[in-house]
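Next come two complexes built around chain A: one with chain B, the other with chain C.
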Partner chain A sequence: MLKLSRYVLYDILRSKVIIAYALFLGVITFSLFSLEDNESKAILSLLNIVLIIIPLMSMIFTTIHYYNSYEFIELLLAQPMGRGRILLSEYGGVAISLVTAFWTGAGIPVLLYAFNPTGMALLFTGTCLTLIFTSLAFVTAVRARDKARGIGMALLLWFYFALIYDGLILMILFTFSDYPMEKATLALAALNPIDLGRIFIMLKMDISALMGYTGALYKQFFGSAQGILFTTAIMLAWIIAPLLIALRMFRKKDL
Partner chain B sequence: MIRIEKIHKRFRRLQALDDISCFFGKGQVVALIGPNGSGKTTLIKCILGMVKPDSGQIFVNQLPVEKDPAYRASIGYMPQIGRYPDNMRIGHLFRMMKNIRQVPDNELDTDLLVKFNLVSLFEKPLRTLSGGTRQKVSAALAFYFNPDILILDEPTAGLDPLSSEILKEKIMEEKKKEKLILITSHILSDLDDLTTDVIYMQDGKLVFYKDINTLQQETGEEKLGKAIAHVMKTEKREALWIDEVLADKK
Partner chain C sequence: MGFILSFHSMNMRILFLFISLLFLQPVQARTIVAGAGSSIPSLTKALLLAEDGDTIILKSGTYREGNHVIRKAITLLGENGAILDGENKHEILTISGHDIKVKGIRFINAGYSALNDFAAIKLVDCARVIIENNTVINAYFAIHISNSNDCTVRGNSVSGTPRSEQLTGNGIHLWKCSGAMIDNNHITGHRDGIYFEFVTGSTVQRNQSERNIRYGLHFMFSHNDHYTNNTFHNNGAGVAVMYSHQVTMTGNTFDENWGPSAYGLLLKEISDSHIEKNIFLRNTAGIYMEGSSRIQILHNNFTSNGWAVRVQASCDGNEFRENNFFGNSFDVATNGTMVLNTFDRNYWDKYEGYDINHDGTGDIPYHPISMYSMIVEQTPSTLILMRSFMVTLMDKAEKAIPSLTPENLVDNKPCMKPNKK
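Let's turn to the complex of A and B:
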């Protein structure tokens, strides 16, 4: 399987987009750390970028890559090789390149300037989000034969997770503001990996003290080993479930 | 070697394959013919596992195709339109396929690579290739691993007369090695000396499957094109199409 991923990786590296992505992340992260004298503030700014850019880049890059490798996939299908292996190799290649770009671009500066629990949480979230949105993009790309439709669906999903979902949560919180919503919000956050990532990182920072009773409750939960396990499990589920759906669809598809 | 049992396939409104059953054995060269959209390519893709039939089963060397993809190691496939990764070079493509199939060097068949002079183009990116060269690459790749079964979808379309002859000679050679060869083509004259059996398909149905001698006896025609025309005309099955094919040749 890794043998095939190697060819996928080679193909991705040749297009140089992934290198540009790594450089872009690198420039942003370095400048944030050198502009802000307080590294915690820099992490906060970086957080917002990471939560928006990483899902977007992962989705768009993966979908376009999938459509561009259609010929490659067709070629492999006539070879003695299962469909599952072909799709997983594609996933492996894309995921490895995106995660490597994130670690070289954002990972190195964070390790240099903010080698603390907050920084680690940021890197963990960034890696998970990359893998999650790559999985989700595979679902849309395998689903839609038409390129424009596939990319459109990926963008809509991104809009949903990055923007619309927060609006919905706010609406729910507003409507039910008379009731205790702490537990419910936690459940709602688990339904969106971006939100989960945000809470996970925010609660590692000092500013969580400003969030009052709810903040204290969350801090207690997310600070515990149980909370870290919970976050990891949910993130893993978000990576694996869409990938399994994509695999199922790919196995049944006429190509 | 290939057994097809009651295959049905429907694409939305189109019945692409309608209850196809047949058997192909060693040493046969089967010509799959029929008008455009009659289901030839779909049948081939079903054998290769690219298209999943709605019902029915296909066995290659006694093994059902949907279980284990390993059976494809004994198949060489030349697609109608060869599509290859844009960024790859010809040499890289062949190295990669060798790496994937894990066939030792001394078992490789580089005959066509040499005869089509592709070795000198090894550094050329695949996206820059002309349609004919692409066909040559597809052909060389199909024969490269010396497979027992060759499936050639419109092999001579787009090839210049010289290359077309080279390919036909190569198919002849493989025929002598008792391999099973499936060919679809609209250029019936190309199939004349090659085929041992003919399958005629129309609207997803298998109209007839006969060996060439029977066909020649029944129709009293020596040439495949005329023999088919004879059958079509007497059976009044889309006689227009065969007229077109014969007119093209003149």
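Let's turn to the complex of A and C:
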């Protein structure tokens, strides 16, 4: 299985897209840190990149990679190997390359310029989001045989998590603004990994505002050791659940 | 002849002075040494013996003699290690008189009473009393001054044992005073660090008030007062000033006042005042204003606050000029569309404009209120969406076509670089 993952990695490295991605992250992060005199402002801009670009890149790259290596996968299936192993090694190869690109591109500058809780939270969230959206992309790619359809679905999913979901939360909060919605909001936020990651970083960053009237409750929950465990557990669930669904579909699929 | 006459009169004058000095001798200040190892072992006795102008030196030791009352114009000096113990049931020192000085004594365990405001040191109907370099530990009220004029509280260290708001008194409490000077004290663990009610023409300077369970400084109906170079750190609800006019606050530091209802500085019904060169650092709200008029807010630094300034629509004629705003989650918030306050030549780190003519001020006006801050004001639970892509988009859209945010809350000349003053 590791051998297979290695082949996938070689293949990915040869296409150079992942190297360009790492370079892009590196240039942006370095320039943010050197342009802004205030390091927390740079982190703030980086937050938007982590929350928007990384899920998008992970999804698009994974789906395209899957379709491109479709023939290779078909070849492998002819060998005496379990389907699960094949998909997992594909996942391993893609996930490792994306996470490595993130750490070399964004991780190194953050460690150099902002080695503090906020920076660490940022790297944690970035890593989790990469893994989560890779899993989600596998679901769409395995499900749709057609390339255009698969990429379209991936984009739609990204759009939903990055933007539409927050709009829905806002709408719900407006509609029920006469009711105590704090606890419900907590549950709603946990259902979107991007929101969860954002809150996790925000707690380190905007602590003063969060200590306000409503924020105190969020802080109390997400800020405690229990809350951090909760965040990690939900993130893990978001990585594992889609991957299991993709595995099931791949096993049963008539390829 | 003229020479002799003048010589004669001068001689007479010296003689007269000498004689009068002789007469004064018996009433001139004596020094009474009281306490362990001296002929007067107790402070109570020393206080009985003392006359106006005397000095009592209290020797090192712990004295458990209940309540002491000073009515004469004396000076009470504590040697190093002189401790007055209230045994958790007495008010320790009650002062009612004029020209009294208490210095260098350690007051511990003053009593608690729900009926009387027991204090470690209580001043009633006093004038020109000086309380200096004392230490007060574990008192209900530490220093309580009422109906007094021109008193000075300087260099004292006060630390209480915080219980609930009802069971804890104030650190330095002044009621109906004038001309007071509160200087260089350190207060911690009380209900309000410094409390002023009906106190006029007074100065509070160089004090440190921290970790008090309610306000670091709390004043009401106290006009014409000056607050300079104090530090208010990590108090339950920050600093509250209410129902006063002609107040000057300069060079103070308000920091880390965090909590659901904590403010760096809460202004309620304040008018014609100056707030200048203060530092607001990491507070939930830097300044919260309600029903306040004609306040000049100049040259302050607002750094890393949740809300730098929350101006309720009930405020009018306030002027924010040449302040610096760095790294606040929200710069300005308000609860209505009516804006009767002006913002001028402030530095905003979120400003994205340009300065083509290089005059140091931006060419396009800055609107410090974002759409999202209006939304949060109306529906606080939306705070969970802070920093999301959705909110960023909304703010950008609002900036292009303003519809919800008050249009006239604007800084027409935002500074390109931080104001240095």
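Please note the rule applied: the second predicted complex is superposed on the first by the 250 of 255 C-alpha atoms of A that agree within 3 Å, B and C clash if a C-alpha of one lies under 4 Å from a C-alpha of the other, contacts with A are read in each partner's own complex, and residues count from 1 in each chain.
Here, contacts are C-beta pairs under 8 Å (C-beta built on N, C-alpha and C of every residue); 3 or more make two chains touch, one makes a residue touch a chain.
Not measured: the values here are computed from a predicted model.
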Room on chain A for both chain B and chain C (clash or fit): fit
Which partner reaches more residues of chain A (counting touched residues only), chain B or chain C: C
Which of chain B and chain C A:232 touches, first, second, both or neither: neither
Partner chain(s) touched by A:79 [first = chain B, second = chain C, both, neither]: first
First, second, both or neither for A:177, with chain B first and chain C second: second
Touching partner for A:31 - first (chain B), second (chain C), both, neither: neither
Chain B, chain C and vertex chain A (Cα centres) - angle in steps of 10°: 170
First, second, both or neither for A:254, with chain B first and chain C second: first
Which of chain B and chain C A:68 touches, first, second, both or neither: first
Which superposed partner A:195 touches (first chain B, second chain C, both, neither): second
Lowest inter-chain C-alpha distance for chain C and chain B in the superposed arrangement, angstrom: 38
Contact set on chain A toward chain B in their complex: 3-4, 7, 11, 14-15, 68-72, 74-83, 252-255
Footprint of chain C on chain A - complex, ascending: 38, 40-41, 44, 47-48, 51-52, 162-163, 166-167, 169-170, 173-174, 177, 181-182, 185-186, 189, 195, 198-199, 201-202, 205-216, 218
Chain C - residues contacting chain A, complex: 258-262, 282-285, 304-307, 326-330, 349, 375, 378-393
Residue ranges of chain B touching chain A (in the complex, touch as defined): 11, 45, 48-52, 69-73, 75, 77, 79, 83-88, 96-97, 99-101
